[in-house]
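You will see chain A twice below: alongside chain B first, and alongside chain C after that.
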Partner chain A sequence: MSLWVDKYRPTTLAKLDYHLEQAEDLKNMVQKRDFPHLLVHGPPGAGKKTRILCILRELYGSAAERLKVENMQFETASKKKLEILTISSNYHTEVNPSDAGIHDRIVVMELIKATAQTHHIDVGQKEFKVILLSNVDQLTRDAQHALRRTMEKYISTCRLILCANSTSRVLPAIRSRCVRIRVPAPTGSEIKNILHSICKREGLHLPDEFANRVIEASGRNLRRAILMLEACKVEQCPFTADQKITEPDYQVYIRNTANMMVSEQSPKVLLEVRNRFYDLLTRAIPCDLIFRGLLKECIKNCDDQLKREIIGIASEYQHRMIRGSKPIFHLEAFAACYMAIYKKYIESSLEGFM
Partner chain B sequence: MVPAKRSNKWCVPSFDCEIINELPVKRTFVKDSVGELDKVLPNVSLTQNNFKRRKHETSLSKLLEACEPQKLSELAVSRQKQNEISNWFQYKASKRQPSMLVLSGPSGCGKTVAIKLLAKENGFDIIEWITPIDQIEDENKRIMRQGDKFEDHMIRATRYRTVLSNCSKQLLLVKDLPNVYHEDHKSFFMLIEKYFQIGKEPVIFICTETGNSRLMQTLFAPDIREKFGIDLISVNATTQAAMKTMLKRVSGVLNSIAGDMLYVSQHIDEILSNSVGDVRSAVLNLIFISLKVPERHLKSECGLREETLGLLHGIGRVTNPKKKLDGNSLKFVHDPEEIAAFFQSQSVVFVQFLQENYLNTIRTIEEATVASDILSLADVLNSEWRDRNLGKVALSYCIRGLMLANEKPVTGWNPVRKPRDDHMNIRRCLVTAETRWYESIIKPCSKKTNEISIENKDEDMEIIIEED
Partner chain C sequence: MHAFLKTGKLGAPTDVKKPSTSRAKDDKKDLTPWVEKYRPKNVDDIVEQTEVVNVIRQAMKHGDFPNMLFYGPPGTGKTSIIHAAARQMFGSMYKDRILELNASDDRGIQVVREKIKSFALRKANPIGPDGKKCPPFKIIILDEADSMTGAAQTALRRIMEKEAHSTRFCLVCNYLSRIIKPIASRCTKFRFKPLSDEKSISRLEYICNEENLKADRSVLEKIVEASGGDLRQAVMCLQSITRLKGKNYEITVDDALDVIGLIPDEKINALWEACKKGNYSNVETLLENLLLEGYPGSQVIEQLNEKVIFSDELSDKQKVIIGDMLGECDYKLTEGSDEYLQLLSIFSTILIAWKSS
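This part shows the complex of A and B:
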């Protein structure tokens, strides 16, 4: 049995629940049988991937849903072998090039070349294939430049659909070569409608108040909202209004880590904090999520002057984390720096109190 | 003229070499110059004579020369092959007709030495072709092609006899063919044809059978040899027994002429077991291995570093910096630059180790802040691939910074830990993390299987994510 998230995912543009006007536009675009490269962006859980898959389905029919998972091999200039997981149908290939780390340039170039160099012989099919690149904003600058060149070269045989959270880290050159489609996060009432419809189809009753609480906890992230709902269902089946909503464990973990940093400032605590960071990193939690979670907790009991200082530091170290290669260095440096500042702040406020 | 202040040592060996190596024509010239020197600086020639009588040779070329066999019985080539070559000299080469011999064999089996010695025995003068390195110009200052020059040499070099030699007969020896012929076989065959028409003196080609040289198949293929009547003698690699007698003889020679420099005897067996029928390399190895290190060089200062610093010691020195009083200021016992010099090639690893271990010896959070900031910047520098020197800069910065930041290191037993894997290969993705967490609640059974095989979990999760 698949998760509700997958089970109740709309498969055609006509079945989409919100942003209907945009769906109509997409449908028109697909029916013209040709479109430029697309850059789909929006916050997590807004339905970017759903829309992309709907476009593919609309383009190629149900054949686009016959997927096969394949490990593609690439060789870097230094003869290092890379393996990348790709998901492909006859008509499209989906890959997350940022999996390859700093070698993503090769993946982008080779993949596009391999896909775009062959035409479809099938008459009556589209004369182009689609390459779906996810997390484009995590690509290195190099890969993005390579992408720009290959995008122009192979426009006759392939279309790219790029998927990103934010366009700020996508090169302007790439942005200008794509039609940008922003998928905003659904509003609270839209999420509520979806949750209600899912519950109806599952034959469950969803109290209004509980739905509101789920939506608030999800932060307008539809995927998280549905996942939360299903998790709650497993824990307590007939929903009640004041039911406990399970938060993701990493959020709790990050919060506790931040609390440790607030309660005591010493190298020993820093060592413990480091261990907790390692725990988080091994569970594939994105580093910027850790940064954000920490910061949110850390600045809760600070005055405005201190907030400004701490946010400045956090942004500095996050920038370094992106430039560097070992996230733990920068997380730890931020933690140490925060602890030192906070200690000074507490001491000075205690002095004033005396 | 040699100025008087030139040291004897300087000029004598250089003359030594010339006298032995140069052609007879030059020998007279050298003798002249020695004579002149005699008049001007009698002591120079005196020392030269002394030098010749001396029993210690130092130049390698002279040592090797001394090792060359002087008698037929000393040759490493087998008696049977010697007879074959000898017969060729007597029956083919002496007929005053163009005749050609190809001598093939693995490198270092004594082909050239055998030819030289046997030619001398049979009264031949050897004229050897050596492919010139510079461009050759003819009398009109036009640049000649190597092939043309070689052809000229083949046909005409033996026309005129040197006045000085006392041998009645001459032969041409070709060891290195001009490279043109490796490609252009046809012109080589034409050259051979021309030689057999108008050439006079016998020619010997020496072909070394190395792995990639296919001269025997291309230039001297069986049908070609048959066509022109070229003789072929192939020499086998030196046998162990022959090698052993040869090495014994050579060690005797070496001990007598360079006894103060070499001490030979005990290494023969060692060399013997390592040689593969290559006399030349065996002799070279023998000389090398038995070089005596003069007493005064034993305690030489070559290699400025007396110690090699292990990784763990290096880490210890940085995380636990010791200071000593030097005048009024404190000074590090171990120079940070020196530590950095040891680990230049493994900058990234060293910085990782430092990061893992620096907190153990740090006393206050303020110091930790400075140190962690330094490490964070060092990581950024290390990740910058556009300038490879930045790695060294980062290392030096990091070592210095950590040593300075740590005012009063915590003493105690602090084992150095290995940096942990921070799982760079895991895909960091909010979607993955979120779905994985909730799925573990929704499907507790799948969680259990996931725990059993972490590898599988990762893959499974990624597939699920990709499909949504």
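This part shows the complex of A and C:
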């Protein structure tokens, strides 16, 4: 038994639920001889992967769905051995090169070379294979530079589909070599239709009000919305309008941490907050999420000038965190800095009263 | 056999696979990007850059060339002009007489010492195989020369002088400042300016004609405007649209915007107005929605920059504050920071800047 997210994932371009016009365009493109390199980008849970899989199916038929998992081995210049997990069918290979860390260049180049050097034997199929690279925005500069030459060189036997959350960090040279497909997050009503149709197929009744709340909590992330709905089903089966929606634990935890910082500013609280950060980090919550969550709560009752200041330090420390090695220092620094600024602000406004 | 040796290693793989000749040929024609397909074949085809073209034409008449350094923004025809000139001069000998290296080839000091040197040492015959006269030199094109390391450039100095009797160098780069002085002083420098909108549009119209595309002039104008004088990008964009929409389709402005990745003006304006009114929570929700639509942060910064610079309402001081922030955030974004945080910090700065006026 699979999760609803997988069970109700559309498998062909014709079955997609939203961005219909785009689906039509994609279909158009697939049917033509010159299939270009693609760069698919959009926020998480918008359906990038679904669209890519549909394109693959459209290109190669159902054979593209017979997947096998393989460990590929690469050797770096310093004779270090790398193992990367790839998922492939006869016609395509999917890999997440950022798994290899700083050695991603080797992975990208070797993989493309290996794939491009062999040809299909069966005549009926397209004459190229597809390599699907996910998280391209995490690739190092080096790998991206290597990519641009290989993309051109092997175009006759191999096409790339790149998948990223944002194109900000993708080199302009690569962007200009691909056809860019932007996948916006589905709107509230689109998500609602999907939730309703899923419930219908499962034979459940979904109260409108409850659906609205699920959508609100999901933040226009379709995957999260469906997962939440399924989680709710496990808790209480015939849905009721005022049913409790379980938020992800970490969100609640981050929010509480932020509230602690707002309610009292002292070294003692800082110590506690620090422990909570450790908790979050050991549970592998991405630091970006922690930063966002904290900031959102922290600036709720500040005036504009103070907001500006706090957003400023948040962006500064977040940047340092990316550059630095250990996120905990920067989270802590942000917390301390925030407390100092906030306390000063409260004190100065109290002085005004007296 | 001879032909095989001539084409060298890179040409070989294309020879190996030959499914069915006639179809393969059609494929090739279909598959070449328009950027290559419509690259000018002849020096006279080149639009704009009249001074450079004149100098080159003169040089071709005398059958001699100086060492040259082309610099200017991307997509202005630097590489095209040297290829076209070489093709005209050498004719069938074209492939033999040219060594082209660009940034994606390895171009460390080792390559300069071995590959470039050995090519430079080869003697060029003044008479071609067909008995006609042919200029007695070879051309080495170093594309994207500004990405060569300093050491590699230094190694080039002496080679350039020593082999002057049989080899001409043509360096192509975006930024003159990244070429070391001694190299720059050994070359005749040509600056390429961005193409005027008029010329770019007429080129695009020509391509549309050749490819049977229907596009309104206003659409082409928008494409050219968005590409900022970069003809290559404009052509790429045109081709991307055709790939998505098919040939018999009237291209609209919205399609063009979507393919180029521009954010519609009204979205930026809405954010701008919200900042002006000083409504923070409004800014926050608008920004969240903008990112959910999948627009990249770097693009937001680019378009904001345009808006700030040409705004009449802001004082110079406000522009400085905002501009400073834009620069900093752009840097942080390329380093991989979180888009939401960085953009939020930009917009909150703008908000404060408005208040302080």
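Following the convention adopted for this analysis, the second predicted complex is superposed on the first by the 348 of 354 C-alpha atoms of A that agree within 3 Å, B and C clash if a C-alpha of one lies under 4 Å from a C-alpha of the other, contacts with A are read in each partner's own complex, and residues count from 1 in each chain.
By definition in this document, a contact is a pair of C-beta atoms (placed from the backbone, for glycine too) under 8 Å apart; a residue touches a chain by one contact, two chains touch by 3 or more.
In this text, all values refer to a predicted model and were calculated from it rather than measured experimentally.
With both complexes brought onto chain A, simultaneous placement of chain B and chain C is permitted, the two fitting side by side without a clash.
When the two complexes are overlaid on their common chain A, residue A:83 makes contact with neither chain B nor chain C.
Of the two partner chains placed around the shared chain by superposition, chain C is the only one that A:307 touches, whereas chain B remains out of contact.
Using the contact criterion defined above for the overlaid structures, shared-chain residue A:323 touches chain B and also reaches chain C. By the touch criterion defined above, A:347 lies against neither chain B nor chain C after alignment on the C-alpha atoms of chain A. By the touch criterion stated above, A:167 is placed in contact with chain C alone, chain B being left untouched. Closest C-alpha contact of chain B with chain C, superposed model: 11 Å. 323 are the residues of chain A that lie in the contact sets of both chain B and chain C, per the superposition on chain A. Of all residues in chain A, only 25-26, 28-29, 32-34, 36, 41-43, 46, 119, 127, 137-138, 145-146, 148-149, 155-156, 166-169, 175-176, 179-180, 182-185, 220, 288, 291-292, 295, 304-305, 307-308, 311-312, 314-315, 318-319, 322-323 touch chain C in the complex they form. Taken in their complex, chain A has these residues touching chain B: 3, 5-6, 9, 44, 49, 67, 69, 85, 87, 94, 96, 98-99, 101, 135, 223-224, 227-228, 230-231, 234-235, 246, 248-250, 265-267, 270-271, 274, 278, 281-287, 289, 317, 320, 323-330, 332-333, 335-337, 339-340, 343. On the side of chain B, the complex with chain A involves touching residues 352, 355, 359-360, 362-369, 371-373, 375-380, 382-384, 420, 422-439, 441-442, 458, 462-464, 466-468.
Within the complex formed with chain A, the residues of chain C that make contact are 14, 17, 19, 27, 30-31, 103-105, 232-233, 236, 240, 243-246, 258-259, 261, 278, 280, 291-299, 329, 332-342, 344-345, 348-349, 351-352, 355.
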